[in-house]
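Labels run A, B, C and D following the written order; every chain starts at residue 1.
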Amino acid sequence: MMISQDIKKQIHVIKMLLLDVDGVLTRGSIIYTDKAEEVKIFSVKDGLGLRLLMDAGIQVGIVTGRTSKALLTRCDNLGITLIFDGIHHKEDVLDTIIQKTGLGYHEIAFAGDDLPDIRIMKKTGFPIAVANACPEVRSAASYITSAQGGDGAVREISELILKTQGLWDKAIHQFL
Amino acid sequence: MMISQDIKKQIHVIKMLLLDVDGVLTRGSIIYTDKAEEVKIFSVKDGLGLRLLMDAGIQVGIVTGRTSKALLTRCDNLGITLIFDGIHHKEDVLDTIIQKTGLGYHEIAFAGDDLPDIRIMKKTGFPIAVANACPEVRSAASYITSAQGGDGAVREISELILKTQGLWDKAIHQFL
Amino acid sequence: MMISQDIKKQIHVIKMLLLDVDGVLTRGSIIYTDKAEEVKIFSVKDGLGLRLLMDAGIQVGIVTGRTSKALLTRCDNLGITLIFDGIHHKEDVLDTIIQKTGLGYHEIAFAGDDLPDIRIMKKTGFPIAVANACPEVRSAASYITSAQGGDGAVREISELILKTQGLWDKAIHQFL
Amino acid sequence: MMISQDIKKQIHVIKMLLLDVDGVLTRGSIIYTDKAEEVKIFSVKDGLGLRLLMDAGIQVGIVTGRTSKALLTRCDNLGITLIFDGIHHKEDVLDTIIQKTGLGYHEIAFAGDDLPDIRIMKKTGFPIAVANACPEVRSAASYITSAQGGDGAVREISELILKTQGLWDKAIHQFL
């Protein structure tokens, strides 16, 4: 996707990336066992993207309407501690985050895929839709990923922020 | 899919959506663990579609030949209480539902994907086949979804009913 | 796939369908949990195909090099009792089956996807490769399915046998 | 992919294949249950490829940054005993392996998909990227598989090594 100068300006000042879970960090599958336990499928490449982002000083948080131990395990695994789950009105969480962190709305990005993500997206400085987002979410986004949620969308977002902020080369230097 | 005026008339009067499970609410995977437990994979986007439908006053029910705790968990999660599982002759359930609810056949839609769905489909006012349905089910349907079962077919059906009945804008107003 | 008269003759006399499991009844995924338990993913449409086949008097059996409780659960679910698992040389099982049942090699079909299936395929009257079979198995087959293993290949085979033997209309009559 | 004479020379002397796990032996899915247990999805066809490789005298080892009981189960299942898991700097493992086995760097192949694989790839004689590898890994590779990780990439690599070394016909002779 071509990125305009206006969008680049939005990305330049981002200090925190907030993520919906189902459909963004996963493919949107809701998996239950016969014991009423939930299973979640994440992407290893997304995980590395988020760690590069956090290592570069960009905070990462989760805002989801659902809740599961599987999500908490993945967050623990990645070192994500900013987790808001079981949230009905995601936009309200944004105010809490801003009060706690002192960040401005314009310094926060949000990536979503479905209707409950629209209000929080509209309040953030850089609203992102994954490729598989519903039309209403795509319309509300500054950027639509090429990759599907759960299959590289979050890696794409991580690289986009790092590259636009000129942090990518330093981030991957340890691997070269 | 283009929808004729005749089909629109069918949809206009629908007050209940009945759904097969395997292949419609899921991709048709039958997943077993070594402990003989079943795992089921649903779609988060289908779930929101069904909740919008129910919030708008359209009833939602399940009619399936199989049975699993995983399905009951998902139904509980979505607030679906009208569940007929372990059913051999699905068309017989339809009569039970009509007696209980006072609805007419023409007010009920059924979405299916395989041979055991044909008889109940033919008795309902708006028979729907998912994209991955077998040819015989597709022939029996008024509408064939673009999306696959378990991957947005039920969301597509939910939006189709709400939009045709003029309920969509109100349904998503809370999110805008 | 176009079917020649020679192949039709092969199919006409089939009285038993033998199936490999991984890659034929499943997509070839080997799934393990942290408790060393195996999970298997089958197809609901394959299941109905096999039940129509058995109802029409065609026997169905399993011949696999691996073994899992998940497979036995699925077989129990479908009413398949002819199960040979943990088999190193599948072609030897064929002789056992023929001795037990009195069937001839020409009355047995085998569907496989990988190298260990070739020898048994070559001994049966109707050797079948699924779409995702390796080149050597495809070369050994009289018929290659359009559908992938675990995603309709076995349904396609079931319908092919029933239709070629003129049993399809009767088999699905109960559903129309 | 066309293979140049230079690459063929690299393959000719390979005596050991080292593999990353997530994204190479799997599709890169990180799957957690509500009990914080991990589930891993491997490919049955990859498994046979690795066994043919080992039977032909090519050693197979695992070098991964993560660790799971599911991986160990699969390795046990395939007879792979050379397992280095929880590794932060994969290139350091290479030196350990070389000291233990007496092999040279040029006799070892490594297949990877993401940034942490680059340094070890560059030290080996035949660096391989799977089709779904990130661009930086693809750039560091002598060979990029046509198949995706977890869906035949490792089978493709196994066959490539066996065929280039003239060992394929003998390897599959037992099946014909």
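Throughout what follows, contacts are C-beta pairs under 8 Å (C-beta built on N, C-alpha and C of every residue); 3 or more make two chains touch, one makes a residue touch a chain.
On a predicted model such as this, the values are computed, not experimentally measured, just so you know.
K.L.:
Would you mind naming the chains that touch subunit A and likewise touch subunit B?
P.N.:
Under the touch definition, subunit A and subunit B have no mutual neighbours whatsoever.
K.L.:
State the chain with the largest centre-to-centre distance from subunit A, centres being mean CA positions.
P.N.:
Here the answer is chain C, farthest from subunit A.
K.L.:
When subunit B meets its copy subunit C, do both sides use mostly the same residue numbers (more than half shared) or mostly different ones?
P.N.:
Since fewer than half of the residue numbers are used by both chains, the interface counts as different.
K.L.:
So the centre of each chain is just the mean of its C-alpha atoms; given that, what is the distance between subunit A and subunit C in Å?
P.N.:
Those two chain centres are 44 Å apart.
K.L.:
Where the CA atoms of subunit C average out and where those of subunit D average out, how many Å apart are those spots?
P.N.:
31
K.L.:
Give me the residue numbers in subunit C that touch at least two other chains, ranges are fine.
P.N.:
In subunit C, residues 33, 39 touch at least two other chains, as defined above.
K.L.:
Considering the complex alone, what residue numbers of subunit A touch subunit D?
P.N.:
Residue positions touching the partner: 33, 37-45, 47-48, 68-70, 73-74, 77, 172, 175-176.
K.L.:
So in the complex, the part of subunit B that touches subunit C is made up of which residues?
P.N.:
22-23, 28-36, 39, 66, 113-116, 118-119, 134, 136
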